[in-house]
Structure formats: structure tokens, C-alpha cells
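Take a look at this one; I'll ask things after.
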Amino acid sequence: MQNTTQLKDQLVTANRVLANEGIIEGFGHVSVRHPDGDKLLISRSLSPKLVTRDDIMTMTYDGTIVENKDKQPYLETVIHRAIYRNRDDVDAVVHHHAPDMMPFVATDTEIKPVFHLAALFHEGVPSFSDYDTEMGPLIVTEAEGDRMAAALGDKRAQLLENHGANVVGESLKEAVLGTVYLVMNARYQIQAEQLGTPSYFDGPQDTLEATVDDVILADISIDRMWSYLCDRLPNDPSM
Amino acid sequence: MQNTTQLKDQLVTANRVLANEGIIEGFGHVSVRHPDGDKLLISRSLSPKLVTRDDIMTMTYDGTIVENKDKQPYLETVIHRAIYRNRDDVDAVVHHHAPDMMPFVATDTEIKPVFHLAALFHEGVPSFSDYDTEMGPLIVTEAEGDRMAAALGDKRAQLLENHGANVVGESLKEAVLGTVYLVMNARYQIQAEQLGTPSYFDGPQDTLEATVDDVILADISIDRMWSYLCDRLPNDPSM
Amino acid sequence: MQNTTQLKDQLVTANRVLANEGIIEGFGHVSVRHPDGDKLLISRSLSPKLVTRDDIMTMTYDGTIVENKDKQPYLETVIHRAIYRNRDDVDAVVHHHAPDMMPFVATDTEIKPVFHLAALFHEGVPSFSDYDTEMGPLIVTEAEGDRMAAALGDKRAQLLENHGANVVGESLKEAVLGTVYLVMNARYQIQAEQLGTPSYFDGPQDTLEATVDDVILADISIDRMWSYLCDRLPNDPSM
Amino acid sequence: MQNTTQLKDQLVTANRVLANEGIIEGFGHVSVRHPDGDKLLISRSLSPKLVTRDDIMTMTYDGTIVENKDKQPYLETVIHRAIYRNRDDVDAVVHHHAPDMMPFVATDTEIKPVFHLAALFHEGVPSFSDYDTEMGPLIVTEAEGDRMAAALGDKRAQLLENHGANVVGESLKEAVLGTVYLVMNARYQIQAEQLGTPSYFDGPQDTLEATVDDVILADISIDRMWSYLCDRLPNDPSM
């Protein structure tokens, strides 16, 4: 098990990887559950590309900041907090507005796996639109966060209508790679829908689960894709 | 309030940001109202990526150059001048031909918000095509500029048919970020229109206005996106 | 008027600009008429990004190499030679397979101006497909070249079905910028055709010609776009 | 004929070229038949951008590792092994999931040549979907590999439904360039199908074969495109 410092460093890497892949740009954020299990680690409000270990805040699930109290948090930390308090099996959350996801966020077209790595989402990606009326499609109140987490249910990802998407995982790497695979699927599916009759990857449940457990989430796969993404990070100190 | 030198430096940054994001390429320009209120600051005719403080001209609303008189101005400064003389609430103007905008500029499809940040344009983006017949869809005469400004009305952006778009703001940052969000919306909307039935973000007026005032134009949002765009600028001296 | 060395240097820049913009990749080539008027300058068979002054061959219109005789020419120099011998008003030719052009090269959809800079092509972009049967859609024989030049007629550009496109100009800068504007139009038109009902820029003949002569081909416009494209070239010696 | 060390170095270059062009990203792999004819060379499981000579494994067609025995092979080496044992005329194999291929991999739309360089695939690109049921659309068992190779037949490429594609060649350069041309065709065809009525390059058999033999696979063409792709490789030591 990682100690808190190691986890903060991995969270910094996760921020930089997601920024470098164009998934979280000016906005968007990623968090990880604290090893103690009762709070979470997330950057202060900052462009993800610039996050360093010192920018990581520790925050309880009700939003109380317990480390870096003088720093400004993101506006929508309730997205993360509501998921952690409702999903014991989740230890990492990515909230993002990746460009390739946005056409799905702005239509009623369902996102479905068109290639093997997206089998991760074979149980479906529900769409949430039951927003509070005050602030449009942002998630800012505790009640709104809880409704959003209820709509996520036990799934691995959800869309937020006219806003973005959340992807969860049992670990930071799983949430980051899941986000990458969901965004790839979105890109391929948009083009497939225009090109012809899509053949979704929706084999028997056993096959889908084996693909997830024995291939996509196998250590060898996670390590190879993670190292690929880290290799793509620029070396210059500003990144 | 910023002094003129600070404003010129911010205008240089705005030029570089818009160039770096691929929004103003060889052509396209950005201006800001002079602190005195009776004239404007705009670069001489130059590729925006290369603009420095010494390239900034000061010009009255009738086109008289009062600083850098020996320099060649852009062909279409009347776009900026006509807007400033017709819109007291506007202090910055971006005129551009961003690739993702061009399909809307070349069709009768209306641009409508498909994600939260584009709520800025919920009052509509009118299209102007009442050009003088001499020079095609360029805006070069004072009368043409005034007709264009009248068509803009009190909106935040307008399309110029077969040519490009204008985005205005109460400040340089607001005009630049508004441009970025409009271009993002264009990209997402093009794909959404092809993928399925778009769900535009067109909630109740109160919600839309609150999203604009309390989220999109809140200092925390403007600062984060602006710092993100500035962080993306290359460090090398040629940029 | 430029001397031959200056023209060779400008041809090197044209090669690098077209490579840097992704217009001529591994294949594709650009030539300029020699100041003597009876021959042309073109690189030896080489990836355009790598061309230097020493790689420029001088070649007569029948294909006799008079400078750099020991070098391997491109397979399709007849494209250039046939145009020069049939078009006295043309002093530069770009032959390319730019990705955004290829959908037009592979369909019967006509390319038409959707934005002002493409007014350059308001007289139409004819498509050639009367190939010799031996080598598919490549232009390799003198007779094939002459048929191709006849199909071009007095136009500024032509498509070669299932192959690529040619753009001509009265100068190297005009041919390079024309290529850039044609490729931009292709990109915008593809998306406009999908988004809605395109409004082509097809005003009265006078307006179109004034747009071409007084705006697009005005020195100020050519200089600004050319300097923009040159500014984008990487500084490193390999480029 | 190349010795084994030269071949390994060329395989390293092939890995880097395919990574640099975005064709094999985190996953995907390329192999070459060993000069002895009874085994193959392929990298250990590694992000292709990072492959060095020391990472190359030697493996027999039944999967026995004879060099670099302590290293972890890719999960799907049977793709390569099954092709080599079924196709004496093939000396190199690229297995990939290039983004532009994926819409074809996820629909029933046939990939057909829309430009001259794709004439290489004029005999068709069959699609394989007769997977074992255990692991979804991955190729992991010997029997599955043999069925896949049988479906490839004597063709130059095949699609693997909901997964990716294989491209083969008589040499490493041929397999790599064939992959590049197939991916380019995919991109152009997707857009052509949306833009209008595609005109496929499907001339008489003689013309197609001459285009392949005398143009596409001519030494001058292979050398120019290969040098172009190598020139594009970053110089920095990490690549």
C-alpha cells in the first residue's frame, strides 16, 4: 500500500498525464481517496498541468479542508466527495470535459463500446441531468452531488448533460486509464455512427467480464499503458 | 484600473494566446479600449504571434492614428472602431476566422450553447451578411461597419457570413475567453449535430444568467482559464 | 526581379513551408519558372522538409536536366513541365495530396468557395481523370501531362481524381498561399456540407474579382500570410 | 541481405516510426521474420516508442522464446506467429489500433482504395470476427491465430472486428509503409463517404498491379517515404 506522499506524487502525475492528453484542460480535476479512508486528496484550484505535491489539499467528505486550508478549492469538489461517500469500492475519480466526449454530453446518443478496451464500460454509461436550477449544469450543492452519485449507481462512468463526464476506479491508474479508454471510444464511436452500422462489442456477459478482468485491468496492461502515458509527458521543468 | 502600458502588455499576451490556440492565424486581430475611453489600442498589421508592445497603435474611432502613425494598420480596423462607437459596455473586441467557426459562417445553421461555458452566448449569435458589394465579405467602410455593429446589437458575438466572427467583452480577458468558449462550442456542436439530437443548454433565463455571472465570469473561473492559456504559451523568445 | 539564387532560396522556403503545414508530406512537390523563362527549378526527389539550395535541379520543359544532372528527379515532373509549356501566365506550380483535399479528390463533390480567401478559386476547380491506363492516376507521360494541362485551362487549380491536386500562381508566394487557402476551404466545406445548407461565396463577378485583386492578392495580404507561414517554421537546423 | 543486428536496428526504427505517427500507441506491435527463416524478432512487452535493440526477443512460431527468455512478451504474439507459419511470402507484420482505422473496425463498411497509394489493398481487406469466446476480440490461442491467418488468406491486410488491424509485407519497410497508406486511406474514405459519392480507385487489374509494382513498391517510392518518416522522428535521446 502506498503512503500518503507516494499517493500525492501519483496524483500529481495523474494531473499531468490527463492535461498532456488534452482530457482535463483549464478545468477538470482528479482525486484519490486518502489511505485513511475517511477523506480525499485533490489539487487546489489550479490548471492541472501545473499541479505539484504542495498543491494537494486533504478534504473530508463534507468539504472540510484539513490540509492546505488557506488554499482555494475547485468549485465542484462535491462531485468527488459525493462519489466517495456513496461508493466504497471507488478510490479515484476523474471529472472532465474532454472534447471527444462533448458530442455525447450534448445529445441523447448512448455511448457504447466499439472496441475491446471500452469493454470496461459494458454495463452502460448513464446520463445525469437532474440539476439544481440555480447554477445550470454544474454540481455545487451536497444534495445535487448525492443525486448525481445515485444516478452513477454501481457503474464506472456517467455523463453530465451539457457539462462533462465522471469516471471512477479502484485506483488512480484505473480511473485515469478508464478515462483515456472512454474518450478513445467516444472518438471512434462518433465516426463509426457516421460511417455505417456500428457493431458494438456486446458479447456474452462472461466474455465481457473476462476481457475486463483478465485483459484490460491485468497488471501487464495497466503498467504498459501507464508507462506509455508517462513517457509522453514533456521533460521540461514547466511540465 | 490598468494604466496604458499594462493594457498594452495584456494586449500582447492576448495576441499570443489567440495565436497559440489557433484562433487568429495569419489574419484576425484583437483590440482593447484605451483607458481614456475615446480611442482604442490595436497592433499594426502583423502576424499576431509576433506582436510586441512597440507594435501597438493608438487609433481614434474614426480611424485617425495617434500613436505609431508611420505603421500600416490592419485593413479592417473599422470592425473594432464601429463596435466601440456603438457599444459603451464593450471594452475589448476579437475578430477571427477560427477553423471550427467556419462551418457555421458558411451555413445557415445557428450556433447554440451545447455546454455550460457557452451559456455566455445564450442570447444568440446573429449572422451579418449585408456587405457593401465592392469588396466581398470584408468590412472596410464606415457605413458597413455601422451596419455590422447594428446587427450585433447588444449581443456578445456575431458571425460574418463567408468570412469570420466577432466576439466582444467588458475586458480583454472576457473577450478572449469568450472567443475560446465560442470556438469550443462550435466544435462540439458540429459533432453533436451529426451524432444525434442535440440537447442545447437553454434552461430558464435566471439559470442562464446565473451561470454566466456566478460561474463563467466569476473571477476564479476567469483567472483559472486565463492562467491555463498563458501556461500553454511557448517560452522561447520568438513567441 | 529576383536572380536565380534568390529564387532557389525562396523555393527552398516554399518546400519547407508546405511541409510544415502538412500539405506536401513524403510526396508532393513545388516548382518555379526559371528567370530565363525557358526552364524550371524543382528539387530532386527528396522529402520536401529536407530540401536545400543544392538540391534544386534546372530542367527544360521536355524534361532535360541541365543542372544537377546526376540527381534523381521526381517521378511526375511532367505535371510541372506541361503546365509551364501551356500556361504563359503561370510562374509557379504546387502539386500535392493534402489530407483535407483528398475527400474531394475521391468524390464527385465540387469544391466551391465557402470563405472569402477562397474567392481565388471562384472560377471553379475542374477535376481531371483522363489518365493513361498503364500507371493508374499518376501523371507520367508527356501526352497525359498535356491532357491534364488542357483540363486545367485558365483556372487556378485542378483536382486529379484519386490522386491529388495542382495549384498554380503568377509567383511562388501566390501558388503557395493559393494552396493554403484551397486546403482551408476544403476543410471548412467538408464540415459545412455536413452541418447544414452551405452558403457559397458566389457574389457578382465584379465583387469576386475585386476580392481577389484588391484583398487576397494585395501585397499587404500576401506579405502578412507569407510572414505568418515563415514564422511557423521551426528554427532547428534540421528544418 | 541484412544480418540479424541490422534487422534488429531496423525493427527498432519501425517501432519508433509507427509510434511517432500515432499508429501504435500504448498497445500495438511490429515484428520481422528472422534471417534464419524459422523464427521471428519482436520487442518484449513495451511501449513501442521506448524499444531499443536489447528489447528485441527471438521467438519460434510456437511461441518458444530463444533470446531474452527472462523478458515478458506481448499478450498477442500469436498474431505474428500464426501469420508467419501460414504465409511464406510475408516477412513482416504490423498489428495496430490506429485511431483512423477504428471506425472501420467497428462497422460493416468495407475499406476500399480512394487514392493511388492505397491501390496496395485493391484485392480487399477482409474482416475477422470468429473469436474464441473466452477473451473477447483478442487473439490469444493458437487455434484462434490460425483461423485469423486463414481469414487473411493471401491479402495484404485484415481488420479484426472491435479490435484493430494487421498489415503484412515482404519486408519491414513494406509492412510499415503499407500500414501508413492504409491508415491514410481510412481517414480519407471516412470523409469521402460523408461528403458525396466516393469514386474508388478500382481500375482494370493490370493498372492496379502496375501501380502497386511500378510505383508504390518501387525503390524510389519506398526510399522517399521511409526517409520522410525517419526525418520526422524526434532527435532527443528519449526517442
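A, B, C and D are the chain letters, set down in written order, and residue numbers restart from 1 in every chain.
In this text, contacts are C-beta pairs under 8 Å (C-beta built on N, C-alpha and C of every residue); 3 or more make two chains touch, one makes a residue touch a chain.
Just so it is clear, the model here is predicted, and its values are computed rather than measured.
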Shared interface partners, meaning chains that touch chain B and chain C: none
Cα superposition of chain A on its sequence copy chain D - rotation in ° rounded to nearest 5: 90
Chain centre separation in whole Å, for chain D relative to chain C (CA means): 33
Centroid distance [mean C-alpha coordinates] between chain C and chain A, Å: 46
Chain B and chain D, separation of their C-alpha mean positions in angstrom: 46
Shared interface positions of chain C, touching two or more other chains: 194
Pairs of chains found to touch, sorted by chain label: A-B, A-D, B-C, C-D
In the complex, chain D residues that touch chain A: 25-27, 45-47, 49-50, 72, 75, 97, 99, 102-109, 133-138, 161-164, 190, 193-194, 238
Residues of chain D touching chain C in the complex: 113-116, 119, 184, 187-189, 191-192, 194-201, 203-204, 206-208, 210-211, 214-215, 220-221, 224-225, 227-229, 231-232, 235
